[in-house]
Structures are given as structure tokens and as C-alpha cells.
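Each chain carries a letter (A, B, C and D) given by its place in the written order, and its residues are counted from 1.
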Amino acid sequence: MADTLTLGHRNFTSRLLTGTGKFASNEQIRPMLSASGSEIITVALRRVDLQASPQDNILTHIPDHVTLLPNTSGARTAEEAVRIARIAREAGCGDFIKIEVITDMQYLLPDNHETLKAAEILAKDDFIVLPYVMPDITISRQLYDAGAAAVMPLGSPIGSNRGLEMKPMIQRIIDTSRLPVIVDAGIGRPSQAAEAMEMGTDAVLVNTAIATARDPVQAGKAFSLAVTAGRMAYQAGMAGSSRRARASSPLTGFLQE
Amino acid sequence: MADTLTLGHRNFTSRLLTGTGKFASNEQIRPMLSASGSEIITVALRRVDLQASPQDNILTHIPDHVTLLPNTSGARTAEEAVRIARIAREAGCGDFIKIEVITDMQYLLPDNHETLKAAEILAKDDFIVLPYVMPDITISRQLYDAGAAAVMPLGSPIGSNRGLEMKPMIQRIIDTSRLPVIVDAGIGRPSQAAEAMEMGTDAVLVNTAIATARDPVQAGKAFSLAVTAGRMAYQAGMAGSSRRARASSPLTGFLQE
Amino acid sequence: MADTLTLGHRNFTSRLLTGTGKFASNEQIRPMLSASGSEIITVALRRVDLQASPQDNILTHIPDHVTLLPNTSGARTAEEAVRIARIAREAGCGDFIKIEVITDMQYLLPDNHETLKAAEILAKDDFIVLPYVMPDITISRQLYDAGAAAVMPLGSPIGSNRGLEMKPMIQRIIDTSRLPVIVDAGIGRPSQAAEAMEMGTDAVLVNTAIATARDPVQAGKAFSLAVTAGRMAYQAGMAGSSRRARASSPLTGFLQE
Amino acid sequence: MADTLTLGHRNFTSRLLTGTGKFASNEQIRPMLSASGSEIITVALRRVDLQASPQDNILTHIPDHVTLLPNTSGARTAEEAVRIARIAREAGCGDFIKIEVITDMQYLLPDNHETLKAAEILAKDDFIVLPYVMPDITISRQLYDAGAAAVMPLGSPIGSNRGLEMKPMIQRIIDTSRLPVIVDAGIGRPSQAAEAMEMGTDAVLVNTAIATARDPVQAGKAFSLAVTAGRMAYQAGMAGSSRRARASSPLTGFLQE
């Protein structure tokens, strides 16, 4: 049986979601997608300008087989997020929507309650809803009840590259959530992506760390390998850590006998 | 130019060293080597019994293209390590030798001074010397002077799966060492292997975590991907972490304008 | 000018809040309060039984000069928390109320939104409102707007002794909050209490770690010293950490000159 | 029975050792000692100039009841350390000696083997020997055999304020050492000093963090309280941490019954 990530009615092979922000040139997006194998890419609706010339239109740089995940960045309330989502769908961006509602302009941390309200409305409106939230198991349960397709707790602030700052809380979400868990934001190294996957996370979204690398294509490949490695380790049934040493070679005196 | 690991006069493509200890069955070693692409495998001389039947002889399970790295486990002094190394060479195990001198039977931590003494003798005797040591930049410098081919600081105690417990000290060794640095012992997860490689480690040795996984072949593959991911990230020039958030999508109010 | 903690209209000298739960005997509470100097103690309204005999009534064990902080434990909604708070005030427990609204029975993590709703109602009703919340700077800002007297983010789950699991998020709350910040829950060691105070936390609440120590009176004293030490360090203007060593003794060769 | 620290033939009440380096003015040393209660202070022999005027002579600033702990900073070999120790004793600085042998000028990390050699010689010469070492349980055992009075593993590099970077290794030393363990170097916050004491460390030496604080006298007091708090917690028998929450207040629905 294939190991697939299911979001809404769709199955995906890759567990690495990527984003379109911060690339030095939009020309890097297509080879990055190819190298990373990412099948879902998030894009701020602001960047989608259907009246732009093709090379300026970011959608031009995304192959057809890659699912577009428009996000509601810029929204400060549930209502604004809902409006942005509907505009995106009308503009032909599809049914997937990443809800971002942010009122904290210093650390860009999400407003969980407004996000939940938007999720309720958009799920009823047949969107595939992926909400970006502070790690919180109460909100995770409520998002399930609201009909979201996944829960996307942050690892650390957007673009900080600080990794799984909230690791124990994310573990609790994984252990209790009935929705797929996608760690979004703050993942700055392949090792951090692998760590998230080893914990049982279903997928990770990485944007800044790839886009700002000196070589974004190679970085995309590195994250892809790390996500696969972490997933394989999760499935391979690895032993836990131990406070003691455990010899891997025989230690009885070799020469004394 | 290929990205190779050079030890002594030999170049290697894989940066994952493996070991022969703790497998449920020696039959798992060959497919694990194949899946992981590991080109160097350590074996306790104790396990090498040339008078054994082929299926009991551990060397039977190691393909010819894989370099044998006999280790001196069981040695409690420099002198014993030297004797074991010479027996290994005479037995046809080649010129590579991993020096392990351990007197602490509780945590199996190496005795740096005896290890250094053995390294001096064996390097003069034309061995390719890989010494397993407590992370210590003074010892690392002395091992270079002694003619060692690499320095192998431990991440954490053997078999503990605790990862880079001594991370800052290992970073200092990487930053100052003129020898290749191979993190040996304690690496229990692919994410930890990737982390070591991202720091600039030249290679890692993983035995227990692979051998004790429910599926050692898949675990070997997972570690291989993680080591490659970490190496690629090191080379891709990734940005450092930040205390602040940095937006990846435009955050100016979308709808207000 | 004295260094006081102000909550509502009241000033306190001690920055260590304690609790009445989990003591082997209620007889330990009075000497613990004396040893720790704690001036505020939380009590579950369930434990306050005015019809009980004096030795069974927990209030008997709390000296008059110590401020009672009834909590709403057992509440699963804002409405229930409001009802408990009013019963507590009518029962003579005063105006202070610690809002706890918990629906997650596995990790006992608070429901931030219900807590905020209860805080709005109780603050209008002239309570001194101390709400126990998941660390979240959006909620912290909203609690200020709601008229709360402080914000009480958790360090880690109640009774877990895991300390500042959410440290970076708590630092962000301290840096942005206009309310006093009291770290509540999970503080299991004096060092963890000191660490919270060094970060700029205004006070800490410690219950389980004191009550379950073999010697709760000595533990109370230890936490008191640690809180004072952390506060003094915060005020003493200590230098930050450095990636480099900085000699404290002259290192130029002593004998060479 | 009093809880005393025994070094050589001497008993001490305070478990906070301090140092004379880096103060903005030597006039701060005496009030810092008074505020901190420290009974042992280290001084680089370089700073002891018996021909200097009294206010320039650092010894003038150390009260008679405080034990002088000359250190061998500047030594790069065992032989140099031995010579400095003897000069110190001849100059009237007493029998205590802190051995520092450092050849790594970047991170100021000690050379364990040279330190051990100096310890053997000086212990036979009736010094009270306190050797500053990389955390290493093999060296700790050898220092016991050599007649040292304590072992002083570093927490992190001198003056770095990074705290217990090597925490698990220091715990192993505490668990196995037959000598008192004094954590020296890198302790930058009272919380870190308390943490060391909670682990079972016998004492800590703090210099840079106190001397470079804006208010060194208050900082000395803060460290003193933290050391006492950590020691009391160690003795008070506190519970370990738990992955689960454990309610401190009754959680059965308050109002439902």
C-alpha cells in the first residue's frame, strides 16, 4: 500500500509542501519544484496578478501537476480571510486554501480564534481548509469539528529558521489529532524537517529556508531527502534513546582470554 | 569536482559509515549495506573468526567493495589496542583501524590519552588511523600531529541514541580541526545525522540505530538520505536562524487597498 | 523604591505564588507559607468547604495575611468559570480569581478562548482576574483589553515539572505584554523558577513541585530563594552569553616574560 | 549535622567560589564577597604583586577569612603549572591551588593530560589541588587516584555565560566521582548555578558573570541565593519530571455534581 498524504479528496506522494515567497527570481521556482518533488505550493493571493504579463505572473512558474495552495496572508480577521479565499477560488486557484489570520505584526503569530471562525465558514463552503495556527490541542480538536482538512501548527515564527521551538506541544498535537498535522513555519534546516517527520508529523511546509539559500534548487532537494528520511525512520520502528550506553561491539577484554 | 571523503589515500563517495554489531541476523548486513550505500563498515576483531564456517564468519556478509574498518573494542590500554590492530592487519583486514580504548565500563566513554598513544604508534606503522575520542579540541590537534587520518568524537554514549549531546564542543572541533571529523556513537535518528552534517561534519558512523530498528534495511536507507540531505544543506549556503519573524508572504492588508 | 508586584489594587513583596493541592497533609501548608514567604496561594473552590470542621477546612491552614486566590478548576466553559468565581466571592474568598477553563483532560491544557470570555465578564464584575492560558501573545493582548490583572502562561503541563518548555514564546509575551506575566504550571525546580525571573517574568506560581517534595517546607524555602535570585539577576544587569571564551585571568604566558 | 563542603582538610559553609578577574574596580571585590558569602576566591598569580602599593595589590581586597585559591593561568604545560603553584605558595598564598593548563587560545579549553600530570606532582607536594578540566569521567577517576581534592569540570568556555553546555557529561561525573565536583567556567546566570546544584554538584565557581554585571554586589548576592536554593532542592527530595500532566486541583466537573 502506497504511503500517501490525503488532504480533502486528494492523495499526494510528497510530504514536502513549498512556497513561492522570497526567491531571488521567480525563475528558480520551477527547477526547485522539480528537484524537491513538492506537489503542493503555497502562494499569497497578492502575488497572483492575472492581468500581469506571463513572466510576471507567478502562476506561470508553477507546473500544472503541482497543486496550488493560495494563502490568506494579509488577513487580520476571519471575515477578511473568507473574502480572500473566495477571490482566490473565483480567480481559478482551486479549492485548497491555507488560512492565515495574523494581527501580531512583530512575530507574525496567528490568531487562533479568528482562524477557527474562518475555517468553519470555508469548510462549509467546500474549500479544502488548511489552517495555520499556534500549537494548541484544543484548537486542533475544534478544527476537526469545523471540517478542516489538516492542522498546521507552527514550529517557530515565520522565516526564523528556529525549527521545532514548540516541539513537545507539537508532539501532543500529533498524539491526539484526528487530522493530518503539517508543521508550517520556522523550519530552517533539513534536520529539523526530518525531526518533525520522525515524530509522526504528516508533512512539513518549507518556504524561507529553501528560497533564501544560496542554491535554492539544491536546498529543495536536501529538504526532500530529509523529509523522506524522517518518514522512513518513523516507519522503520527505531528504538528510543537511553540514559545508558549499550555496547555495539563486544567489550570483554579481547586479549585477556 | 566530486564531493568525496578522503581518509588516508582513499576516497569515498558515501559519508555514512556503518557497523556490524547488534543485528538480529548477520543476513541483514548485506542488504543494509546495499540500501544505505555505505562504503565503510566497522567490525570488532572478536567477531572475525577465520576458522568459522562461512555463514558464521562476519566477513562473509561484507561485499568486497566495502572497506573494512576493524576496531579495537575490548582494549583497555594503548598497548592492547596496538596489538589488536596488528592482529587485524595480519588476518587480512587491511590498513584501516578504528582505535577504541575504553576503561569506563559504565558509559563506555573513551580514554583520550591512551587513544592518542595508540594513534601515534599505529600511524607510524602505516595504518589509516581513525581514533574514537571524547570531544576535545586539544586531543584533536594532537591526533593531527600524531598522523591520524580523522578524528571521531562521540555525539553521546555508544548505543544511547541521544544524538549530539556535545554539540557545541563538536562544532568547535569542526571549526578548528585539520583532520576530517567523523561523529561516532550516539546518533539515533536520521535527523541527528543530518544535523551533524549541516554543522560541517565530514561523515557519521551509525551502528546501533540501524541494527536495532525493526527494519534495518529501511533504517539504513533513511540514514543515507539524511546524511546526503545534511551535506547538501551545508553546501547550499543556508541562512542562519533569527530571533525575529520574517514574512514570506506580503502582509500589508490585502483588502484595505 | 520598593520592588513590588502589583495585581489589581494590591502590592506584594513576594513574587512566588503557591498552591494548596497535593500536600501529604494540610498541616504542611502553614509552615510552607512561612518558609517561602509566599503572599498569595491558590485554592480550588472544591476544597473550600465552609461546613467542614476547622481541621478539614483548607482555609483554616492559610494565615490571614496571605491573599487567597480561588481558582475555577473543574470549569469547562466560560460560563462555568464565571459561576464558580461568583460562588467563591460569595463564600468570602475575596476578589481575586484564577481562571482555569480546561477541556483537554489528557494534558490539562487551557482553552484560551473560553478563558478570555470568562475574563471579560469577571473583570467587568470587579474581580482581580488572573487567567491561566496557553502562551500566546494575541491572547495576552486581548486579556489586557479585557481588563485582566495579569496573564498566566503555562511553562509546561500542570504537575509535569518540565519547566519552561515554551521558553521562547514566554519571552515574547514578556517583551510585548502590558500586563504582569506570571508563569504558572510545570515549574519543577528552583533553577526553572530563577530562569523565568531572569527573563523578566513578574512572578511564578509553584504548587506540585513544593507539595510533592519529601520536605515541602524546605522546598518552599528553596523556591523562594531562587525567585529572589532570578529577580536580582534581572535587575543587576548581567551580560549576555557569548559564542567565544573570554579570559577572566591573564593568559599571556606567566613564566616566559 | 552541618552541610559542609570539604576540600583537603578544610570545611566550608558556602558552596559558591568566586574570582577576582574582570571587575571594573578592585574596590568591588570586598563588598561582593560580603554579599555573596563566598569563602574561597581564585586569583591569577600574575595579579599578586607583593611589591605593589596596597591599593594595587589584589590581596589587599580579600578579607582574611576568605581562602585564597591561586590559579596557574598562563601555564601551557604541567611543568609551568607546577612552577607557578610553588611560587604562589612561597609568596604566602597558602596550599590551595587551582590548576589551569591551557594551550587552546581560541576557546581557552583545558589540556586534561597536562593538568593530570601537574595534579600528580602537586598533590605529592601537599598542595590542596583543584584541577580545571574538560568534563571526562576517565580523567576524574585518574585525578582521584592522583590525590586531587576535587574535580572542576567546565560548564562551558570561560566567560561565555553559556551555562551547562555539557550537562549530561557533568551528571555522569557527579554520579561516578569519588571527589567533590565543582563546576567551573561558563556559569552566567543564577538559574544555571542552581541547576548545577540540583544535579548534585558540590559547588560552583562564578567569576565573569558576577564581575561584569552592572551591579556586581547584587549579582554576587543573587548567585549565593541560587546556589543555596539549588542545594536545598537537591536535599529536599524533589520529584522527577513527567511526560504527562498531573492535576494539582480537583478536575471533576465542579458544577455538574
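Quick notes on this one:
The rule we apply is simple: a contact is a pair of C-beta atoms (placed from the backbone, for glycine too) under 8 Å apart; a residue touches a chain by one contact, two chains touch by 3 or more.
Protein names from UniProt, one per chain: A, B, C, D = Thiazole synthase.
Because the structure is a prediction, the values reported are computed rather than measured.
The minimum number of touch steps separating subunit A from subunit D is 2. Taking C-D and A-C together, the chain pair joined by more C-beta contacts is C-D. Taking the mean of C-alpha positions as each chain's centre, the chain lying farthest from the centre of subunit B is C. Look at the contact of subunit A with subunit B and you find the same residues on each copy: over half of the numbers used there are shared.
With centres taken as mean Cα positions, subunit C sits 35 Å from subunit A. In whole angstrom, the spacing between the mean C-alpha positions of subunit C and subunit D is 32. Residue positions of subunit C touching 2 or more other chains, listed in rising order: 106-107, 109, 162.
Chain contacts here close into one cycle, and each chain has exactly two touching partners. You'll find the chains touch as A-B, A-C, B-D, C-D.
Within the complex formed with subunit D, the subunit B residues making contact are 103-104, 106-107, 109-113, 134, 136-138, 141, 156, 162, 165-166, 168-169, 172, 176. Residues 19, 21-22, 42, 44-47, 71-76, 80, 83-84, 100, 102, 105-109, 157-163, 188-192, 194-195, 198, 207-209, 211-216, 218-219, 221-226, 228-230, 232-233, 235-255 of subunit D are the ones touching subunit C in the complex.
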